Amino acid sequence: MESSAASAPIISGRLDTDLIRRTLRVMIISRTLEAKLSSLYKAGKIVGGVYLGTGQEAFSASLGCCLNQEKDIFAPLIRDQAGRTGFGEPLIEATRTYLGSALGPMRGRDGNIHRGRPAERRPAMISHLGTSVSLVAGMLIARRMKGELAEVVGATCVGDGATSTGAFHEGLNLAAVEKLPIVVLVADNQFAYSTPRERQFACENLVDRARGYGVTGREVDATNLFECLAVVHEAVKAARAGEGPQMVVGKLLRLCGHGEHDDASYVAPELKDSKLGRDCLEIGIQQVVDEGLATSDEVDLWKSEAAEEVQEAVANAQTDPAPDPYQDDWQAFSSKGINS
Amino acid sequence: MESSAASAPIISGRLDTDLIRRTLRVMIISRTLEAKLSSLYKAGKIVGGVYLGTGQEAFSASLGCCLNQEKDIFAPLIRDQAGRTGFGEPLIEATRTYLGSALGPMRGRDGNIHRGRPAERRPAMISHLGTSVSLVAGMLIARRMKGELAEVVGATCVGDGATSTGAFHEGLNLAAVEKLPIVVLVADNQFAYSTPRERQFACENLVDRARGYGVTGREVDATNLFECLAVVHEAVKAARAGEGPQMVVGKLLRLCGHGEHDDASYVAPELKDSKLGRDCLEIGIQQVVDEGLATSDEVDLWKSEAAEEVQEAVANAQTDPAPDPYQDDWQAFSSKGINS
Amino acid sequence: MSATYIDAIHQAQRELLAERDDVFLYGQDIGGFGGAFKATKGLLEEFPGRVMDSPISEDAMVGMAIGAAISGMRPIVEMQFADFSSIAFNQIANHAGTHYYRTGIPVPITVRLPCGGTPGSGPFHSQMVETLYAHYPGIIVATPATVSDAYHLLKESVEIDDPVVFCEHKFLYRWLKTSEIDPEPLPLGMARITRPGKHATVVTYSAMVHEAVRAADRLAKEGWEIEVVDLRSVKPLDMDTVIASVARTGRLLALGEGFPWGGVTAEVVSRVVAEGFHLLDAPPLRLNSKDTPIPYHPDLWAAHRPTPESILEKLRELLNL
Amino acid sequence: MSATYIDAIHQAQRELLAERDDVFLYGQDIGGFGGAFKATKGLLEEFPGRVMDSPISEDAMVGMAIGAAISGMRPIVEMQFADFSSIAFNQIANHAGTHYYRTGIPVPITVRLPCGGTPGSGPFHSQMVETLYAHYPGIIVATPATVSDAYHLLKESVEIDDPVVFCEHKFLYRWLKTSEIDPEPLPLGMARITRPGKHATVVTYSAMVHEAVRAADRLAKEGWEIEVVDLRSVKPLDMDTVIASVARTGRLLALGEGFPWGGVTAEVVSRVVAEGFHLLDAPPLRLNSKDTPIPYHPDLWAAHRPTPESILEKLRELLNL
């Protein structure tokens, strides 16, 4: 277990300005998109639910941005809009999936955060928490068998609550036995829906679990962009270097409801006012500006660019055709001639 | 994590001669019974399979003998004949269940190690590994709700392999959240069936998992009776004293096949010759005699008494009626008038 | 005062907690938060220590409940969505379901499962699971369609000594209201003639009862009198009521919201033809959801499950056979 | 040279490993040990790195296989006993089964499940699980009854792009032998007339095919000619062959070793009455195991599942209707 406290992260031996700037931009885009999704939900334009990652962007984006979009695998969970954007998921995939467009990656068959393009190494999560860990392990094992594992990292994210699932345990243990280059981010955001961590686990810190799996554990103040980048980058690098599974536990607070239907009134004001409750986006902007990696004007520009990109992604998805039940082939099998 | 190495265990502030003598006797009875079950299997008198705890008696018996038969809960697993005997399970329950007697606790409906009397706080395991942990947690929670938890301990045993199950993880985590007086023994006998520990988990030592659950972990050389008794007793005492869940990892080697159909030829000779491969029964006898807690003659007497008891339990069970399919009510429901 | 289906479930749990010391509730977010669907709202405050938030551990939740149940308690476990009970499947089917037969000790647990589709819920928050559990020995499967049944069947389920899987339909939670809880409930195990008729029988359960009635109402305008039988529980299955109805009408449509392969509708049809073949004037038909995962988009979802329109169409087919 | 059913499974896996680079095997104790039933004996030595021992983690085993399958591999997962696949149920039904419909990417995994009862195996080492998986969309369920089918269907299962649950019957492993693997296999999805007849049809699968043939042989002495149809896979279900047989005989007994509520026999009967009601001269009957856990004692076990005697009795009932 290691914990880094960096003012400006020294990455690959130097201050990687591009990475930091890109990560902050991704955070801004994610925050902007999610605010829009929330309004669409509240306006009744999105059915089902909307699940945001407000306050978790630094942690999630750090992972998405530290991965190699051409080779790596990224299996996000509920609160990983930032990581998805960082890993290259086009915004239109989010808006199309939320709006049920026939042209989105899920073609209206699945919705909201349950989206991905597995062929582009972006699995589409099922709801059952913890299942992505063994999935990513299998994607890595396939590459190992095909001799294509060199330089590849598989990453996935879970919440504090998801660590209580048998699937998480079995998956991480399997990955450890196989010594796979997997990075598992645990966003310990103090709650699973309304359930506080004391009702979820009894260890002091979830990073204490790493050792029991034979996995390298790291802990990070996930409200701190620079620290997130430094630690996540380190973990990804270690996995890529063949050091086996890496677990990174980020400490933070979910700054939104579980979904947009939830006002999260169960979150104590003291917690919101605590260090955990700080907004990683504000901190990140401050850090970047303070270190002179971008000017306030640049940040403002990024914000307005983000607003435009989001607007476009929403507008485009809104003009898409809806899926047509008469056109759907209603086939759960890819094999031709298999009728059930 | 603590590890005790005792020559003679000082228990409750004094050397508890009775407990040590009783535990050794239980080990002898268990070894004798199991040898007989093996012959019955090989003679074709027992169908299905026979699963022994050879080499694990010190660890298992220590638990059974440290528990309070009047109040505690004991949910054994595959290799816990010794623990069962120590906790008061009559030998006839073993022989009747193995022989499928209509008079046994399972009435021929279930067999071999799948036996118990839940009403006497001895649950009857299902095969699916790991399930007993949450079960015992529930039995303890019931007592807490009824105000009957004082001085009660719930104990269960698993193997190294069973720690890989989601059920084990979820159950232990739940027990830890509830701070229950549960004792979980993990018999790390180097194999799960034929699978060596390197293919089962990647941590150096399973006791490393305790901390991640917020559970007290202890490790013990499980070939050493005195050490087993000291450490298990300590764990049971801590649980009883309200210190929450306790995990004890015993290091040993399974000195038999997975079942009596298995010659265990996959166990390397070096392992058998190593410290792990020592026979806890021989060591236990030596310890007890050396410390003057019993004479060799007494031990021999215990052996011949064990042979008689076992003989009787087998003979009685063999004259029992078999279950009659025409008499079985074939009812999976206790409720009258519920027909499916 | 009018009560919704979810009110009935809330009220039943409240009364159970008040009336019986041995009842407690366990589930994710059911404490202070009152549950994802507010079925336990306020109950923690009213019954401190008896409404417990669980970790996200469905297997252990049910394992724990089994342990408590064989120790004299009557736990009610809430799954956040029925779909997540797949994680508890082993504990329900292999542990709870086998316990009485194996040991002679019954397991009085009730597992509440918010089932069924609503628009936009998608493949993992919409499933019907009655078939999954009814297939396995030793598990009672209640499937209330009305507010009164939600109330009475839940109370009865908790009184029953055997494991009960209680399949609540989410679509009915807030939509379905009654002005008065039926003071004379039918016992679990008895079906109800929801709507009498004489030309054909629709045997169904849960939310589909209401869709069947809608279809029947439309056909009534054309002079067809369709009888709708609400099974109320799919295990046990009240064949007496079903057969008596088929005897009156000569025609059977078995209707369900579950996946089509196997399941309630197949069981109903198979029993009817085995026991009452001579009563049938036409081949008995079935209508289920489609054999794909449940889609997210409301238009796809509406076409995936039976609707008044598709039921009507199937009934016309049946009446013309 | 004669081959047993387990030999056929072994041989199929060996050839698959030899013929296809993308096949690998994963399961508990399947490496050096060769598996609990020796279905993979020697394969690790012959194909190093492609036969992997797994931890006792059925959920993760299947999750891992899904990940490998969507990355271009064709894993075969061995469950030590079908009964333990309950732990993998969520991954099989909710992950593998939904993947193609949701994402357009198929999941070519094969999950080998040693199913069915043998004397003394008890409630948790004897289960039939075909109904569990067939109920869920997107999963093919193969149920071979013969040595040749065990071989050919396994090879075909691995070639299929969709998830296949391969239900092997443990009772057949060593008891069933053939002198030659059929050189002209039927494809998966087609049923076989195992024994032609004209007075009644028994539709069945897996080990029950042989019990049905035994019952039919006895009835032949009394002049009754019973046709036995082997479904070979229960999903897809070859209704053409079934209906054609019922058309010839006019009488149907659906026979299975699974639990009675729902399942294969209910599905078969329901489809036959929906599609071929007019062909039936008598009510179609079903025979399944009893609705309790599977008992340990051989005498109880023998009475729990259908036997040639109980099949005979049921057939007599059918012939007299």
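Per-chain residue numbering starts at 1, and chain names A, B, C and D are given in the order in which the chains are listed.
Criterion: a contact is a pair of C-beta atoms (placed from the backbone, for glycine too) under 8 Å apart; a residue touches a chain by one contact, two chains touch by 3 or more.
Keep in mind that what you see is a predicted model, and the values were worked out from it rather than measured.
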item	value
Set of chains whose contacts include both chain D and chain C	A, B
Chain at maximum distance from chain C, centres defined as averaged CA atoms	B
Centroid spacing, where centroids are CA-atom means, of chain A and chain B in whole angstrom	44
Inter-chain centre distance, chain B versus chain C - centres from mean C-alpha coordinates, in Å	41
Chain B and chain D, separation of their C-alpha mean positions in angstrom	36
Chain B, residues touching no fewer than two other chains	106, 109-110, 114, 126, 128, 164-167, 170, 173-174, 177, 199-201, 331-332, 340
Junction residues of chain C - those touching two or more other chains	54-55, 57, 59, 83, 86-87, 90, 94, 97-98, 101-102, 123-124, 134, 137-138, 235, 261, 291-293
Pairwise touch network: line, ring, star, complete, or other	complete
Residues of chain D touching chain B in the complex	28-29, 31-33, 36, 53-57, 59, 80-81, 83-84, 86-87, 119-125, 260-261, 290-293, 295-300, 302-304
Sites on chain C touched by chain D in the complex	83, 86-87, 89-90, 93-94, 97-98, 101-102, 123-124, 131-132, 134-138, 235, 254, 258-259, 261-267, 269-270, 273-275, 277-278, 280, 282-286, 291-293
Interfacial residue positions of chain D with respect to chain A in the complex	21, 24, 49-50, 54-55, 57-73, 75, 87, 90-91, 94-95, 97-106, 134, 137-138, 140, 160-162, 189, 235-237
Residue ranges of chain B touching chain D (in the complex, touch as defined)	46-49, 100, 106, 108-112, 114, 126-129, 161-162, 164-167, 192-195, 199-201, 266, 322-326, 328, 330-332, 340
Touching residues (chain side chain A, partner chain B) in the complex	164-170, 173-174, 176-177, 179, 198-204, 206, 208-215, 244
